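Dropping the structures in below, format is structure tokens.
Two complexes follow with chain A in common, the first pairing it with chain B and the second with chain C.
The block that comes next holds the complex of A and B.
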């Protein structure tokens, strides 16, 4: 079993097509499950801890635990949607094959995150500040996501219908994964924060933050509730303030 | 490298997805069971949305999510059958029932698949607008896939037709699609979450 698991690790990186074929055949997928889950937990754990080197201390442990947790919870939530979308569009795999494909994709992405971890660590070590650090992390997630979606695409078929299925699945994944990660913030931790919380207080949502950031990027800033109250202005509707949105990753 | 993808027919016949989406035409009772299963699965998505408000909201959303699909099945499918018959399309009541049941079951299955994500998002998103957007997106996705299934099934019945008659049928199908979207949206917009309920 262990030799099979190591062989799958290798396949995850080198032969996504073989992994995809294995999931479609839906034979004995246990080695794939074990290898993918291990890669997911290890890879996301290492990357999470690396992100936290900007803050250090307890944040290293918290982020090393929370990032794998966010990924595993997201996978659990989105697999049924992926299965249903693929079946609805005529690319039905067995449910175990779907779980294998999704886990393998997440594991592949996590292995890429491990590979990117030294670069991220070096960047923080050389003085990369908080906000550029957030952007660097986002770029790493995007790269890992592309590697993962490549495997998923090979699983459902590299054609127009496959692209539609993967596109729809990516939308569900983005919304669900974004919100899950949002609830488990912070991952970087601000250097100026006096203490390290395991979770931030519930505040707004990932969606609101994206909306707020989009508005801010075109020069439209909402007035924060605290500021507006202090200055006697009408508070904005519920949603993250510019300050809180930027602090919350 | 030659790749082969399992079709619905070749997929494991005992799986729920395969049974709901199987292209074969069955007896009326079995088709109605398939239809009912689809509506029941759609109710799961409604329950997930209803978790935002809880209580009676659970029931309201569960019924509402299924009602949108049921409305298309009850009001739209017979009308489509009559209109296609008027232009001499080779459609039979049993084939239309099968196509309708399969498409609604497919939409219900997608809604059920989206339910876990929808529950997380509906419960944790604070903004009513964002929650409504998420709910709408799920309904649109499932409705779109259901409509795609229906159009594929009906188009397969029209392959033997001369091109002029087929063109008329495609026009009718386009009109039906617009009607089905408007009808489902009309029913689904009664859901409290889409009306901005916190």
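The block that comes next holds the complex of A and C.
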């Protein structure tokens, strides 16, 4: 099986159409599964460790383990939803084909993350700070996600119905993947934190964070105000303070 | 039920899956251990893929109708999950089986055709002799000759296919024993590799004879028709 696994690795990069056809045919998908899972674990591991170079130390190991874990857990959660969406919209693949397609897409995305790792590493090495680093990582995830969804689209069919299925699946993937990754933070590590935790303490949710960031971007600092009032301090004026500029999410 | 309870349940299901997968494998080797280890944390994804692949394998095994197909599958089974697997990987076996089935079906079709009354060689020869004795028109004689020649060509095709299939069958039987020997003796796969190359060459030839001669036959028929047309007196 090992030769087939290497052949699939090659296909993942060079011919996504062949991978999509393989998943639709739903033959023996074990080599595809193993190759995609390996690509996912290695790719996300390398990228996670690269992100952690801004902090260094134990964070390298933690991020190298947690990013693949976040992706694998997300895959476990989204595949049944993907199957249901596709079946509901009349584009059903076999369940094993769906698993193969989703994992292959994630593997392809992870390989793209590996390709982007040198850029991220170089940026941190040249002094990129925490917030721009987070934005750069988000841009890399977006690119990898697009490459992955392109493979999914090839699998379900490149037409209007295929776009609808992929659009709905992307929504499920974003919410599930976002929350999973949120629970497994930190990946970059706060520069001012004295120690490196494996997991940050539970606080709100991914959706709350998105809302808060959206409000912050228009100058509304709801949480900061509430916390400051509770602590009996004078609310700080709107605008990023020195602390929040260097260590917010 | 909180997240920890869910994780415990998931872990129990994963452990049970791993045990079942390991125990259900015919050989308790590294491959079986790998499959079991994948099952434990990833059972919701890995088990459907594993079971679907097993189902396909069983189908393939059951559909091995001829001895040659069975030998090919046994040869692959002998090298599966070993360093010799690249010699006869799954994809190659599937392709070989497809080509073999195509050639076997074609041969069966030819034999069926040749057993029909209209394709009887003796009858065609007898008819030609009778027409010659009756001094039939040149056009009628040419048609009768063409009919006989086509029957001869079809017979020759069937004989060639039978020979090719017999040779391939022997070669695949030798490949099976060679692969089994290489696996158990740990010897160099050199000879097996030569046989695999030879099998591929024969299969390519089968493919050519499957695609070619019928087209050649059509071309021959067209040429005969053209010659007849040329021989016909111009009416206008």
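Heads up, the rule we're going with is that the second predicted complex is superposed on the first by the 225 of 249 C-alpha atoms of A that agree within 3 Å, B and C clash if a C-alpha of one lies under 4 Å from a C-alpha of the other, contacts with A are read in each partner's own complex, and residues count from 1 in each chain.
Rule of thumb we're sticking to: a contact is a pair of C-beta atoms (placed from the backbone, for glycine too) under 8 Å apart; a residue touches a chain by one contact, two chains touch by 3 or more.
Small disclaimer: the values here were computed from a predicted structure and weren't measured.
After superposition onto chain A, partners chain B and chain C are found to sit side by side with no clash.
By the document's definition of touching, neither partner reaches A:123: not chain B, not chain C. Contact with chain C, but none with chain B, is seen for A:4 once the two complexes are overlaid on the shared chain.
Contact with chain B, but none with chain C, is seen for A:89 once the two complexes are overlaid on the shared chain.
The partner of chain A that touches more of its residues, comparing chain B with chain C, is B. Of the two partner chains placed by the overlay, only chain B lies in contact with A:81; chain C stays clear of it.
Applying the stated contact rule after C-alpha superposition, one finds that A:100 touches chain C and leaves chain B untouched.
In the superposition on chain A, A:33 contacts chain C only, with no contact to chain B.
Residue contacts after overlaying the shared chain place A:24 against chain B, while chain C stays out of touching range. Legend: residue contacts after superposition of the two complexes on their common chain; A:72 is shown touching chain C, with no touch to chain B.
Once both structures are overlaid on their shared chain A, chain B and chain C have a minimum Cα-Cα separation of 7 Å. Comparing the two interfaces of chain A, the one with chain B and the one with chain C have residues 26, 76, 80, 94-95 in common. Across the complex, chain A is touched by residues 31, 38, 41-42, 44-46, 48-53, 56-57, 80-81, 85-86, 89-91, 94 of chain C.
Those residues of chain A whose C-beta lies close enough to touch chain B in the complex are 17, 21, 24, 26, 76-78, 80-85, 87-95, 156-158, 168, 171-172, 175-176, 179-180, 183, 202-205, 207-208, 211, 237-239.
Interface residues of chain B, counted against chain A in their complex, comprise 1, 3-8, 11-12, 15, 17-18, 20-21, 106-107, 109-117, 120-121, 124-127, 130, 133-134, 137, 141-142, 145-146, 148-149. Chain A meets chain C in the complex at residues 1-4, 7, 26-31, 33-34, 37, 72, 75-76, 79-80, 94-96, 99-100, 103.
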